[in-house]
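Both of the next two complexes hold chain A, though its partner changes from chain B to chain C.
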Partner chain A sequence: MSGLLIVGVCIALFLIAYVTYGSYIVKQLDLDDNRKTPAHTEQDGVDYVPTKSPVLLGHHFASIAGASPIVGPITAAVFGWIPALIWIVLGNIFIGAVHDITALVASVRHKGKSIGMIIQDSIGVSGKKLFNLFAWLTLVLIVAAFLIITANTFVAEPAAGTASLLFIIVAVLYGFFVYRRNVPTLPATIIGIVALFACIAVGLAFPISLSQSTWVLLMMVYIVIASIAPVWILLQPRDYLNSFLLYSLMIGAVVGLVLTNPTIQFSGFSGFKTDLGYLFPVLFVTIACGAVSGFHSLVASGTTSKQLNKESDAKLLGYGAMLIEGLLAVIALITAAMLIPADYSNLMKNGGPVALFSAGVGQFMTTLGIPLAIGKSFSALVVSAFALTTLDTATRLGRFIFAEYFDQEAKETGKAAPSVLTNKWVGTVATAGAGGLLALSGQWAAIWPIFGSANQLLGAIALLAVSVWLAKMGKSNWYTKYPMYFMFAVTFTALVTLVWGNLTKGNYLISIFGVALLILSVLLGSLANKSLKNIAVGRNSGKSQKTTA
Partner chain B sequence: MDGSEYLTLLEKRLGHLFRVQRDYSVLEELFHLYAQCEIQNERYFGSKNVKLWRADNYEYTLVRCYEEMTQNNLLELTDFLKQAVDSLVKPHEEHMTSIISGVIVIDKEPTPNIIRIVERFSYQKAFKMGLQGWCDIRLILVVPPLNQVYCNRKAKEVKPFYHPVKSPKKKSLIRKIREVLKS
Partner chain C sequence: MAKAKKPQHSIIIIREEEEQMTGGSCCGTFSGDFREFDGDAVFAERRQMILSTGSIYRRLMEEYKDYAEIDVVDPRNLPYLIPRLIRDTRKYKVPIWESLRTIFGYRLPTIICDGRIIATGNQMDWHFIYKRLRDQITV
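The block that comes next holds the complex of A and B.
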């Protein structure tokens, strides 16, 4: 079967869903452009700023998309491309996109409050502490998974390893010359882009071959420095140059895909049980960001809701952006599905999903006259660059949560928090160290589904909050309630089976993480459910008293 | 336009983003106009309470009118601006940049030597090897009656702002294309 045909069918299905089910959800949510959004009512020129929908779409999409929609589908292809594709399409249309738009609209109707804030207000201090612990453990899992994925990529593509190291130097030099030496942005950008491609050439000429553990240790040092160093030294110039890499990759991959028209060679269905575990629930937690992701509710309600110009824009930003990410997941799946199973297994064992994706995109690019080695190295550099961004962002967040946890403790006891625990170096080293320790176990395939479960638990909690809000409004909520039940069932089953599976394999460290997440999520879920129900009951009794009076 | 009118104009222009004060003393040196601006850039995640990073930028503008600009006057001022760095700039972990702009307003055309000194002036100081940011000095010489502005390299980015009479904005390529398409 033609890969291009699958992409075409998926685009058609997503478009149909957008104009039918998407419109139905919009109708249920009663979007009304006459109702002013927080971007207008709370406008402060800083956070609350009315923004045109195409601009906001770009910002929102850049925030929700990362390496996860690529890694998940490629990993889940082990079950066969058909179940993975069905989950991406149906998950997007009926759960992921619904989750994103409802979280966005709920936040808009709560003056731009984030879902986290809404839940936090409802479940109090103990809930907040549990949520902090839950979030920190999830971040450690993200650090661990991305450390291994990136290290495996560099082991499989040593040229990309060299290029990535050189890219860091180029970014620092770019920042120095633009900020400190006042070199105008345009010529500096052109030189920067040329230098990026030079990095790939140097990488191909002088590939650095190191072991996976050495790369993990090197990257641990990198993320500690990148998370603590002032942003203008590395992060800002690197993210700016990264965007050009991403545009080049997207153009090259899409044009190459159309010209290549790859044939699907992978098995459609490999069975209900694979090395990853049982299809239910593992498939549904392995493909998280490509189908449904709790992280999106944080973005939708955290920043996007404050910039929404009019309520009807929520359809494009909530429902539409998720479908676009679904399309990215489909393309990632195609790069795996065009391989024969033996090649897939070989690439997954020797490099992992990013290396496989790079090989696939590199193959597409050969139709544009770009040699395979350069295309592969370039793709690996781009995805690794984004994985590194994810790593230092996760570490910064981990540091923040670590310090906040002890600050909160101090507030409760009335004593000052020990400065050592709120020190930024301690929080950073604790987060990167815990992630690194887990990564050195080398079990990324075991870590990824646990991270996916944690991410989707967050999605289930967001759906719970939205369902209660809709019920309180006296509106129908079946389209959020049933996906919520499904997501809770998937994630709890996944955590239980994953913990059991890892215990029997002797992966005790990963099991401890899984158990901790499971306990925390049960406590958090029950607290949130109880509190939100209480609010609903309180409001209802208040309403009935009023009516009686 | 004379120096006094120019000060009024500059006060109005700076007032949009700066806190502006007339006849203000810095380190016991009187300036006809003093303006200060603080910009905080932040990236946060989900909630505004969860800050991933912060970068602070400060700008101080010191304007002084002279009847005539001599080489001695100019060197005194540049030395003062360098001294002012230590008292005005307070580097900290989130400090990215501080810019001190020394603006000289004169009514007579400056000598080529003065123009040369202004244009060649350069000063930058890094704090803790740049980890706590850095400070630049801009030097700008304005002759309002002649609508002339001379500046050092660092000040080129703000040169149009200090022109007594601003030249009309150049039309962007996109705007030109739009106009052609409309016509």
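The block that comes next holds the complex of A and C.
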């Protein structure tokens, strides 16, 4: 079967869904352009800025697209490309896109408050505290997963290892000249991009071959330093240069895919049980970003809701942007599905999903006249750059959450928090250290589904918060409630089976993280259930009072 | 009801959003939820730039809301920013050399009016900006 045909069918399905189900959700949410958004009512030019939908779409999409919608689909292809594709398409249309638009609208109706604050409003302060704990654990899992993914990529593609190290130097120089020497942005960027290709050339000439554990240790040291350093030195310039890489990669992959029109060679369905586990629930947590991602609720409620110009724009930004990300996931899946199963297994064992994706996109790029070695190294460098940025950011945020948690505890007890627990080095080393310990276990395939479960759990919690909010408003909420039940079922089953599976294999550290997430989800679920029951009791008593009157 | 007249001028403020965008993907977005730790910003330098351009944005809205379309764009939002700059330089018939300066010469942050750079980098002073805009926009 033609890979291009699959992409074409998916585009058609997404367009139909946008016009039909997307419009239905808009109607249910009662979007009204006469109702002023927080961007107008709270307008301050800082956080609340009315922004036109094409501008905001660019911001929102760049914030949700990254390495995860690439890694997940490729890993899940082990079940066969058909179940993975069905989950990406249906998951996007009925859960992921609904999750994004409802989280966005809920935030807009709460004056642009973040989903964390909405959860607090809906299920109390304990919910917020548990949410903080959950966030830190998730960040540690992110650090662990991306440490191994990046290390595996560098082992399989040593040229990408060299190029990535050099790219750090390029980013530092870019940051220095642009943010400290006031050099114009675009010329500096062009020089930066040229330097980037020079890094690839140097990488191909001088590949650095190190073991996986050495790369992990090196990167642990690096992320501790990078996450403490001022953001203009590394995080800010690399994030800026990454934007060029993201769009170059997407254009290269799409144009190359059209010109190559690869034939699907992978098996459509490989069975209900694979090395990853059972199709249910593992498939649904392995492809998180790309089908449904809880993190999107944070983007939607963090920045986008504060800048939404009019309510009707929520359809394009909430529902539409998720479908575009679904398309990125489909393309990533095609790079795996065009391989024969033996080649797939070989590439997954020797390099992992990023190496596989790089080989696929490198193959596409040959039709544009780009030599395979350069195309492969470029793709590996791009996804590794995303992964490294993810690592820096996760560690930095982990440090802030760590300190805040102990500060909050201290405020509640009326005592000052021990300075050692709020020290930035302690929070950083705790986050990077916990992630590094997990990564050194080398169990990437075991960690990724737990990380996926955490992501999906956040999605379930966001759907829950939205369902509670809709119920409080007296509105129909079946389109968020049933996806929420499904997501909780997936998450609970996944965590129980993953914890059990890891315990029997002796992966105790991973099991501890799984158990912690499981306990948190049970607690959050019961808090939410209580809140929903209270609302139902309140509504029923209201009805009976009316009847009595 | 008569339709409001579309503003004749275009003002773009180029500055970064606070959070990580490309590459931070999943976890970069936690910053949206957990921004104010102990009163600090996670990405402090960005926050500082946002605050300084925020006050200019408010002044611009006070003075030119009815005359100009005012947009804030992140430089990482390439698919929107570059075509918009090209469109503005053509629409407002900016000479080629000045157009190239607009597209290639902006620093962070920058204010562009009708395809021309008004203030860029460390020129973010309201009096300077207002003086430059008065020459360009007749109120």
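To be clear about the criterion, the second predicted complex is superposed on the first by the 515 of 549 C-alpha atoms of A that agree within 3 Å, B and C clash if a C-alpha of one lies under 4 Å from a C-alpha of the other, contacts with A are read in each partner's own complex, and residues count from 1 in each chain.
Assume contacts are C-beta pairs under 8 Å (C-beta built on N, C-alpha and C of every residue); 3 or more make two chains touch, one makes a residue touch a chain.
What you see is a predicted model, and the numbers here were worked out from it, not measured in a lab.
Under the clash rule set out above, the superposition-derived model of chain A with chain B and chain C contains a clash between the two partners. Chain A has more of its residues touched by C than by the other of chain B and chain C.
Of the two partner chains placed around the shared chain by superposition, chain C is the only one that A:389 touches, whereas chain B remains out of contact. By the touch criterion defined above, A:400 lies against chain B and chain C together after alignment on the C-alpha atoms of chain A. Look at A:377: by the touch rule set out above, it reaches neither chain B nor chain C. By the touch criterion stated above, A:44 is placed in contact with chain C alone, chain B being left untouched.
When both complexes are overlaid on chain A, the residue A:68 reaches chain C alone and has no touch with chain B. Looking at the shared chain after the overlay, A:298 reaches both chain B and chain C. In the superposition on chain A, A:180 contacts chain B only, with no contact to chain C. By the touch criterion defined above, A:230 lies against chain B and chain C together after alignment on the C-alpha atoms of chain A. With the contact threshold set out at the top, residues 47, 114, 116, 179, 182, 230-232, 235, 298-299, 301-303, 393, 396-397, 400 of chain A are in contact with chain B in one structure and with chain C in the other.
By the touch criterion stated above, chain A contacts chain C in their complex at residues 43-47, 49, 51-52, 54-55, 57-59, 62-69, 114-116, 132, 135, 138-139, 142, 178-179, 182-187, 230-232, 235-236, 238-240, 242-247, 289, 293, 295-296, 298-299, 301-303, 385-390, 393-394, 396-397, 400-401, 403-404, 407, 422, 455. By the touch criterion stated above, chain B contacts chain A in their complex at residues 43-48, 50-53, 55, 93-94, 96-97, 124, 126, 130-134, 153-154, 156-157.
Residue ranges on chain A touching chain B, taken from their complex, read 47, 114, 116-117, 179-180, 182, 229-233, 235, 298-299, 301-303, 393, 396-397, 400. Remark: chain C residues 16-35, 37-38, 40, 42-46, 50-51, 53-58, 61, 71-81, 103-108, 120-122 touch chain A in the complex.
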